[in-house]
Amino acid sequence: MSELAGFFYPRTATGQSSLLPAPPWHYSGDLLTVEYRTDPARVAELLPPPLAPAPEDPGAVALIWADWQSCGDGGAELLDPVRAQYRECLTVVRCSFAGRVYSRCVYIWVDADFALARGLYQGYPKKLGSIHQTRPHPFGLAAPRIGPGGRFAGTLAAADRRLAQAVVTLREESPGNGFVNAHPMAHHRWMPSIEKGAADSLDELVSSGSASFEGGQAWRGDAELELFPSPAEELASLEVRQIIGGYYRQVGVSWDGGRLLAERGVPAGPAAS
Amino acid sequence: MSELAGFFYPRTATGQSSLLPAPPWHYSGDLLTVEYRTDPARVAELLPPPLAPAPEDPGAVALIWADWQSCGDGGAELLDPVRAQYRECLTVVRCSFAGRVYSRCVYIWVDADFALARGLYQGYPKKLGSIHQTRPHPFGLAAPRIGPGGRFAGTLAAADRRLAQAVVTLREESPGNGFVNAHPMAHHRWMPSIEKGAADSLDELVSSGSASFEGGQAWRGDAELELFPSPAEELASLEVRQIIGGYYRQVGVSWDGGRLLAERGVPAGPAAS
Amino acid sequence: MSELAGFFYPRTATGQSSLLPAPPWHYSGDLLTVEYRTDPARVAELLPPPLAPAPEDPGAVALIWADWQSCGDGGAELLDPVRAQYRECLTVVRCSFAGRVYSRCVYIWVDADFALARGLYQGYPKKLGSIHQTRPHPFGLAAPRIGPGGRFAGTLAAADRRLAQAVVTLREESPGNGFVNAHPMAHHRWMPSIEKGAADSLDELVSSGSASFEGGQAWRGDAELELFPSPAEELASLEVRQIIGGYYRQVGVSWDGGRLLAERGVPAGPAAS
Amino acid sequence: MSELAGFFYPRTATGQSSLLPAPPWHYSGDLLTVEYRTDPARVAELLPPPLAPAPEDPGAVALIWADWQSCGDGGAELLDPVRAQYRECLTVVRCSFAGRVYSRCVYIWVDADFALARGLYQGYPKKLGSIHQTRPHPFGLAAPRIGPGGRFAGTLAAADRRLAQAVVTLREESPGNGFVNAHPMAHHRWMPSIEKGAADSLDELVSSGSASFEGGQAWRGDAELELFPSPAEELASLEVRQIIGGYYRQVGVSWDGGRLLAERGVPAGPAAS
């Protein structure tokens, strides 16, 4: 018998095997964002109580591609980069709870197991996908520069079907890279019961945001976005009614835990706030 | 606002996007098993209380390769086989709890997201890996037959490092394919708190087994097994002291939920037993 | 300086590194075939001189999924199955040359480098793809049996786009698994010159077939087939006008070289015929 | 019958399907290089006649990781980046021919089919592998900067085995990123005959280099390098006797064809020189 160590599975006597180190987690990467408006009813139906639609522009959606390197506090993953690099594509909407506006990720695909597990822990509804995003580079003809006329594409596939593709052509500097993903995240952490018919064993509404952030100059421009149907996905149900804009930004972020907002629908007490 | 449907993430108004259908889950596949003895202390240190080592042969380990097709009750995945096929390699030991012997998976690697998510729900400590296992085939020179002299290999890699490789040469029919993975599973379902320093939000000891099972003739034979170290894994700490045997068997299994044995270390009440 | 050994790249002093062993090459696997008719003009435009369309049913096409294990003469790959297993999906048409009918692969996708290299050597126009095909299994609910009512699907994707999907429902035993892929193959082996504007450095018409073959009972049934467009592919140009039938068969094949039919358009001499 | 279009397989009436566009090919990417000395006999035995070892420092080896984006002249791949991005790891030595020193790639692994095909056309002995290399990024804690103290790792695996791993710690600006890969390439283009026992159908010694090049400031520093054995590889035979140095450089390159140096051992005429 043993007290086990390790933040996540597999927990062992030493903790060495854990798929995830304990937070903080650090990220360096590039974000390609397309914001658009869909039918607000399609957003509302993805918000379980006690969440309500955002009071303004409730049909706004951000589809975000991210090309990341990430690591725990020691940074050991950076010297074994197969354990540090991953890409993701996520769909973010806004919602309101207790008088405050939150961002909420309703769909997300990643291409590494550590990112998948991290997301399930944080309440991101992660699946595996194949995600690609044009990279900027300062030399040669095979890459755009981050500046006027730079063209960046993002593509997403899962289960061997393309689900989304976007092209953003940068035009000018921008104060930020969109407003949809600009709030703290409000996510549910659910785990179904092992017993059939029983209520979820875990049912929490949690909030988190960056513990620290630094970013380069954001750029905005024109965006094209196509969504494709799949029998196993509903991303295309958030149909594109009006493009708001496209953005590109390089960022560095750290994440270091969040707060419990409600458990089984009951708001958490002051100790947790 | 909406009541959401879907057994697992992402939950939506329709449930169509869920990475997992609700159980039962059905599996058809081939199992290549190598059983061996390691230092019993290495097994014991992987068993958190209230689990204790098995009373007999407490250092016995099974390393199992499985080449699966799986589906939910409708079987729709079988007609989109990218969502049905996966391979896994798992390390199983035995333990005892409340006077009964259980099997317990201490390490497991799979190559599909639905299998990873299913495992986290069931308490299997899944990571992604690259798993290969020789397939039997009735024709040609590029496959063994399931019978005397048939040679089957299994290999496992994760994060671009080979972790294990085995070769089993079948010799004779066998009443079963080993004793280590022959009990109901006793697994922990853990989810760390979103708040730093807080206790796990989910901490359950659960048990489950097959809801139904059918299998072909099992075969046994001689086995070779090599384990390799990795900075991110501890499989090789379960060093091979003595090979018990190698096995091959084709099986069909259904899984349909389990039972809660204890929560935060407190045995579950009679309602759950 | 050194005489190098090895059938294919990389050639070294020992030959150990070669991506391919010298033939013969052995294959054991399952074939899922859908035969259909397209516009004969679409087939004809894929046949360079001196090839001509087949005299009968010149618009017949076979789309074939194959789930293979393969090895060289020693079979060493079978004990390191990551080097033995691969899947492929290929489009075969017929053509005629010098009074004889040949089969010809016009598109093919595989999921392993050794298969890609083998194909380029044999004149198969291989790309990488993601190929899945329902597997039969004798046990459980997650697999069809090879027999009446058995349903088998095949799917193909490349560059993150689905290109084809088929479902075959077996109905009855069949004398074979189609007529389109039933002839020796007539393929071109081309290698562009390293010098711009120069003629191809290699320009051969070659023929080959199985050196040995064994197969199980073939089955036929009803087939559905969908082809999807891609900016990098033309498979969908071979549009489905009429389904001929669907087939399933398990086979064992050996391949051991072919014959040169013509070089730079000039028929090869009697020594090669 | 049809004249076919397309630089490479599959050739069709339109050329749309070709895995490769015609050159020129453009590349933007980052190079991580470790140069070292091995036993010169190990290098010499990889040089077939008429190549001879380099007159100076004949045991020098460069192991190079490259993280590329590439495209044809139109750049269409950059807006579908799954067809533009790839990584490679290559082993380069030097040799001499006709009084001139050349670089020569003796082993190379890539992770995309278009890169594999491009290499076979150019005489690079490509296999598929899993290649990772730490990326620099200007923000956050999860990436080094290109400058003093920046640490960059490269890892290589093939067939589920790690073959090489390196760490380079940058110290100072450097006039270049090494001397081993600084010459035009001298490669063999081989294609075995389709007929057993016959001589190679293609046997050319070709040379090529960059048609254009631009690069950022090169950096050098301390390097660690480990090579690991594999039953299917001989990279580890080029054992590390002495590290020369480690380098990092961002570059943009175009390639636009080469020259035929010799065919079947006979030097090409003046038209080609």
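Odds and ends about this structure:
We just call them A, B, C and D in the order they show up, numbering each chain from 1.
Operating definition for what follows: contacts are C-beta pairs under 8 Å (C-beta built on N, C-alpha and C of every residue); 3 or more make two chains touch, one makes a residue touch a chain.
Just so you know, these numbers come straight off a predicted model, no measurement behind them.
In this structure, the chain pairs C-D and A-D differ in their number of contacting C-beta pairs, and the larger number is found at C-D.
Ranked by separation of Cα centres from chain C, the top chain is A.
Rounded to the nearest 5, the angle that brings the Cα atoms of chain A onto chain B is 180°.
Spacing of chain C relative to chain D, judged by their CA centroids, is 30 angstrom. Chain A and chain D have Cα centroids lying 36 Å from one another. Looking at chain B, residues 80, 82, 130, 132, 155, 160 sit in touch with two or more other chains. Taken in their complex, chain A has these residues touching chain B: 1-4, 7-14, 16-17, 19, 23, 44-49, 51-53, 76, 80, 82-83, 106-108, 112-113, 116-117, 120-123, 125-128, 159-160, 188-196, 201-202, 204, 206, 208, 231-234, 256-260, 272. Against chain D, the residues of chain A that register as touching in their complex are 26-29, 68-71, 75, 78-82, 84-85, 130, 132-135, 137-144, 151, 153-155, 165, 167, 214-216, 250-254.
Residue ranges on chain A touching chain C, taken from their complex, read 130, 132, 155, 157, 160-162.
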